[in-house]
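Should a chain be cited, it is by its letter among A, B, C and D, assigned in written order, with residues numbered from 1 in that chain.
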Amino acid sequence: MGYSGFKVIKEALLGHKGWTPAWRDPEPKAHYDVVIIGGGGHGLATAHYLAKVYGVRNVAVIEKGWIGGGNVGRNTTIIRSNYLLDGNEPFYEFSLKLWEGLEQDLNYNAMVSQRGIMNLIHSDAQRDAFIRRGNAMILNGADAEYLDEAQVRAEYPFLNFDDARFPIKGGLAQRRGGTVRHDAVAWGYARSADQHGVDIIQNCEVTGFRIEGGKCLGVETSKGFIGAGKVASCVAGSSGRLMAKANMRLPIESHVLQAFVSEGLKPVLPGVITFGAGHFYVSQSNKGGLVFGGDLDGYNSYAQRGNLPVVEDVCEGGMAIMPMIGRARLLRMWGGIMDMSMDGSPIIDRTHIDGLYFNGGWCYGGFKATPASGYVYAHLLANDAPHPTATAYRFNRFQTGDMIDEKGMGNQPNLH
Amino acid sequence: MFVHDLTPITALGGATPQVETVGTVTLSENPGLALASVMARVGFETECTKHLADLLDGDAPGPGKCRLHDPEAAFWMGPDQWMVGAPYDTHETLVGDLKTRFENTASVTEQSDAWVCFDLRGAKMEAVMELCCNLNIRAMQTGDAQRTSIHHLGCFVLRRDPEDGVRILGPRSSAGSLHHALKTAMVSANLL
Amino acid sequence: MTQINRVSGGQIDRSATFKFKFDGKSYTGHPGDTLASALLANNVRLMGRSFKYHRPRGPLTAGSEEPNAIVELGEGARKEPNTRATTAELFDGLVANSQNRWPSLAFDAMAINDRFSNFLTAGFYYKTFMWPAAFWEKLYEPIIRKAAGLGSLSMQEDPDVYDKGFRHCDLLIVGAGPAGLMAALTAARSGQQIILADEDFAFGGRLISETFSVDDAPALDWVKAAIAELSSCPNVRLMPRTTVIGAFDHGIYGAVERITDHLRNAPAGTPRQILWRIYAKQTLLTAGATERPIAFDNNDRPGIMLAGAMRAYVNRFGAAPAKRVAIFTNNDDGHRTAADLHAKGVKIASVIDTRPDAPKSYDYEVLSGAQVVNTMGRLGLTFAEVKLADGTMRTVECGALGVSGGWNPNVHLTCHQRGRPTWNTDLAAFVPGGTLPPGMRVAGAAQGIFSTQGAMQSGAQIAADMLGTQAAPSPTTEDAPTSQTPFWYVEGCSRAWLDQQNDVTVKDVKLSHQEGFRSVEHLKRYTTLGMATDQGKTSNIGGLAIMAELAGKAIPEVGTTIFRPPYTPTAIGALAGRMRGKDFHPTRLTPSHYWAKEQGAVFVEVGNWLRAQWFPRPGETHWRESVDREVRQTRASVGVCDCTTLGKIDVQGTDAATFLNKIYCNGFAKLAVGKTRYGLMLREDGIAMDDGTAGRLAEDHFVVTTTTANAVKVYQHMEFLRQCLCPDMDVQLISTTEGWAQYAVAGPNSRKLLQKIVDPEFDISNDGFPFMACANITVCGGLRARLFRISFSGELAFEIAVPSRYGDALMRRLMAEGEEFDVTPYGTEALGVMRIEKGHAAGNELNGTTTALNLGMGRMVSKAKDSIGSKLSERDGLNRADALMQIGIKPVDANDKITAGGHLMAKDGPVDAAHDQGYVTSAAFSPSLDSMIGLGFLKNGSTRVGEKMRLVSPVTNLTVDVEIVSHHFVDPEGDRVRA
Amino acid sequence: MIINHPLLGPRDSAEFVYLGDASLIDRPDPETATPEDWHAYAYLRDNVAGDMRELWFHEGGDRSWLVVTRNTLTHEISKVEMARDVARAQGRSK
């Protein structure tokens, strides 16, 4: 069923009797061409593009719980493509372009809002690094804008310019960056994939892989064995746990990242702001809540909850840069589990097991990457060759020494 | 002996130490300490501890403890590591004397000027410390010495005689920030 | 205006009268009132508007679970949005305003939404506003954003201060109601350390809102006696106005104590709130229960509130919700409300009880098996429409309607570590589940024990169990059975509200189910049920029950949404405490800081350090003038720079040299005593980590310096090697960064200057103290000092260190003695210029992705020994033929600008990422070359010296022709440093 | 979280700096190790959902490295050892 303003009005007048489920609730078939493990944003996007772009429709997405229950429903909803390295920037710019056409592609309003993102600069070294990054973005066809202190002040007069421990010296803006209604991304992709024939199977947990003679034949699940031509892991956050069932050790650790939302407030923040001298980034949702976050808790965890020190650390950053939020109240906090990779960049690749594919290691870049991740993963699954924008996301880069390390932190995941 | 003509300043930058009183609590900057760390050489842990015990004529302090004693005192810094304190007028000789005493059983390092020392005293001292660090200050006994963090600054807190006094050793370069943190806590504790 | 709804009794202090304002209108109240109780006393029912439909709203509750009566409290910079009138303690001069309405609360233009509610159902926005694409940001979204939100921020800096503190206890008791007080009385006798916290300003919980007696005396007397006894116990800390907001790992609880919110003017400097981190060995949750409503058509009008809340207003606050009140209940609790109100002289219009066998009353009419099916009244309730047992309809006139759908235990804290509550069929409610946070137990109503007597007994008994002591004897009091028959909503044809703040109705839940959003998390996210500032404390269960019914499942099968911290919304200022403004991070000052300030130095933040950036002299108007002069003077004669900020680590022990051999990629074993050597540290992954020097003061004693930025990281790394990789190495480490004031004395006359202060017995001539020498010396007549002959500037240079407290005096002495040489102090800018001129790598080059090879030090990585990172640095990807190499860059036209962050492209040919050849890491104007110069990395750069290229920086609109040169711009042969 | 330090007793985890899996103690023998060994040591992790042995540095305390056995699902800590003792027990020396 198509969604539109007219449809909404029609249904309103007819008492909303005509709305049907956004996706079916099918029982799994015995065999699919592709079984995607993980009904999060990336898994559902992969299904959508597999079916719609690559014409592979005999596809199942199997989800342990309810779709969209992982990080796609737990993030701070920011989209951007302000990356430095050649291995990353083209991919994230591709993603941003897909965001820009998402509603029309999905016939679902995920409220992609290109309200702009601003990275604040607090030191000369930071300025040098951001200028290098801004240039890399432009050279890769993305947009970037360098602002001096006066220009930042003109846009965000309420930031702490005059009593700052680390004064604001400028900013790097990406006007095409912004936010998206995160849950709607999962629902929109699910609805579209479903309409293209994909089976979305919820409450179905993968208990193991059936691997014979070095080939993956399918997955054992809580709803029985499901055969598959190709099995695609797409469970960032739980990659370690899942791939262990295939006896794989990964260059990945699972860490908890907390996110926060304030009570609803009348509009104060036009765009997204990232504090460069503390752990704090913030935007304001369309409902009025300040949505903000900071750094990882820092220790391995699968617990989807964090602890107080990081909550305080983030709020300290918030008060340092936006001292007028002192009387705004933190309403809710939650934790998501990140696949923290060894160089801070993702992995989208075949595994050494024939027919078993992997997509993970998203660190906290996952949400903004959702469309491109699905697209290039679909490309890899359909063609057995990496998409041009994702050629660097290989397992073997750590063996060859071709790390993609934006932050320059090395093989310590909790620092990325 | 030492006739050099350079005038020292205190950690807070003054010619004389600062003393502040808020309500019942007094905070005094104390420049009167010479300090040296003593770290046992591998294989000589026992001998080193023995030397330290002799120096303090008593036991060498164990984990979380300090030995309050004159002229030299010491507190535990880490496994086989102690900080020895003595009156400041020994600062030129302290390290040398310790090296002679400990011989090859320990590595001795000058620490006198690495730290700012504050003495915090008064009836509401515990209330002040509660606002500063996560030590269970009310449970600490005289002779307890813990490292803790005060407003992101790594400090040693020594619970001293009399009962209402603690000595706080913090990083010298941040003396001003530490002083500010302690003072604001004193003001709050006094109003609560 | 008089308080026409005041009734007798209650715990307000009638001897004092407070004046306060709501929406500009003046009212009076008494100490002990909340804003809501005072407004009700003044016959004000309308206190807010709902989020979506802007429906008129009054208080639903008398506590922190309030969804409706939320206001902007205070004015100016102290304005506090979204404050619950039901918990805001009244004080004289309080000013509050309604929010989310325009132009006024009574006439809200946005209420138009209510007319269109049929179009604005759950999730409608996902289905429209999609065409044309560009219109979303331009048209639709701005309208939606403007309409959204509740209260508004003042946009001024919060003028109040907040503290954070730490407390430790053996038992933390959360909630000072009947169970909590009994638990505390029991625990107090154990002599262990006890904290009793309650979010309310008065202890007692339900006891102070009820009329029943305890041990044949008014409950309030018992509460007072209990508090008196507890106050007299030195081991008990009572914390009223303290909300325990979260249960975190291993018994750490967050609690916010409100210090001044209820005071008109607190003494200056008093913290507004304190965030306590409570370390509790054990915790007893006695947080009571929250009453739940029944959904029926138009159940959201001002005047409709929970029956238990009505009792609180009448019994505790002496404020009747209206003159004429009706009750709608499915349990005996509603009848208790009717009786209490009746006793206070409030007219009970009738009690509508869904049960056919409802208890009778002689005082007022009881309608058994009846239901409220609709209500009327534009800005406040006027009539309730009742469907009687026989199906006939009846209109009941009333200004308030008390609704009682039973009670839900406050299980929130038990869920903070993702434990799920379990369904109790007798109570038709969720009770604390099997997996509580370790160390936590639950008693009283929070555990589902709803009788007061039972709650008191359980509180005492469980506290006794936890502490291994005797339970305090429980008094005899109300002990009614507390089974609850579930009754969630009245089938209707209009809208019945579940989440009153977010305007989620029964219809929305049905639509959610119809569209396949059936898991409880989907329901919540699709309809926004329970996402409002009250976190669904009164609404989640109703939505859940209806979804269960639609899905034909039992409620527990549908599941429950996990309650997350904080228990109630918490001021961000309180969570930040003192770490804001200039106190955000501690500030580190160098030993010469006070002197530099006297000189009028300009300072810059370098990590937590403040360093002198340059020293302007009279007449110098632009920073470049000062910096250029500092460079010229230093290179021409002598300059002094405070380099204390460099990390210093004392490395001692018989294995010290072996240890450094492992830490540095180049060799240190053979370094002679009295010599210093440059060292490069790699991470285990083969990337450069840090660089610095190590001076050997004795066979078994080195002094290692690190960069300012990496001092802490390098120390950790060394301890890791010492303790985890080489546990038997005889090496001892300690930081001495703070202990020594260290100054670089650089320039052709640096030796002459130093000779004036170094004591004569020390020979610092070029033969006596050659390049890279180091020694313990004395200065100024015997002060112990350390001298290193090392150079960052490329000049003949020394670094001299004295104990920190003498640093100030030494700097003054160097300046005085240096006058004859026209000595200059120089700051970080000149330091940077000179190191770029010399081609020394610094932070911009050691950026965490560069190798020794990139830095032009590939040959330094010794193959003769094992060192951290040497093996992985051999990987192909780090040793490609076209690897980036450090180079120097000069504009072809000396007047052109060079910018760090610019990228290097072939002189002609396309400018894009595909043709990127390298980038500029550092740039500065070089007074020595009278041109801008830069350092950078270029593919295969070492072989491309002399090549002309294009430097592009589109983000700063710069394109410059540049020449690739050696990165040693000044004195490439190093003659000066050896002079 | 609270880490029960073998020498100092219960200490807030905020005083510590986290490194990662305790397998980082098992640095390959430079004489015999293959590139694969180095790759596995530096980059591959078990990342267990359950009891994990991990390295914490007591930055704000006695500067000891600790090996903490902690459950990554519940955060429960079942064992805390001095890393130096662990390293010796695993045969590391100089």
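We adopt the following convention: a residue touches a chain if its C-beta (ideal position, glycine included) is under 8 Å from a C-beta of that chain, and two chains touch if they have at least 3 such contacts.
This structure is a prediction, so every number in the text was calculated from the model and none was measured.
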Labels of chains that are neighbours to chain A and to chain D: C
Centre-to-centre distance between chain C and chain A (centres being mean Cα positions), rounded to whole Å: 22
Intercentroid distance (Cα basis), chain D paired with chain B, Å: 30
Separation of chain C from chain D, taking each centre as the mean of its C-alpha atoms, in whole Å: 28
Chain D, residues touching no fewer than two other chains: 1, 12, 14, 19, 35, 42, 59, 63-64, 74-75, 82, 84
Residues of chain C whose C-beta touches two or more other chains: 164, 248-249, 252, 277, 279, 417, 579, 583, 585, 587, 655, 684-685, 728-729, 872, 875
Shared-contact residues (touching 2 or more other chains) in chain B: 81, 134
Chain contact graph, described as a line, ring, star, complete graph or other shape: other
Chain A contact footprint on chain D (complex, rising order): 1, 12-14, 18-21, 35-36, 39-40, 42-49, 52, 54, 70, 72-75
Interface residues, chain D side, partner chain B - complex: 7-9, 12, 14-15, 59-64, 82, 84
Touch list for chain A against partner chain D, complex: 238, 240-241, 244, 249-254, 298-303, 307, 309, 342, 398-399, 411-414
Residues of chain B touching chain D in the complex: 63-64, 76-79, 81, 134, 146-149, 154
Chain D residues within the chain C interface of the complex: 1-2, 12, 17, 19, 24-25, 27-28, 30, 33, 35, 38, 42, 55, 57, 59, 63-65, 74-77, 82-85, 87-88, 92-94
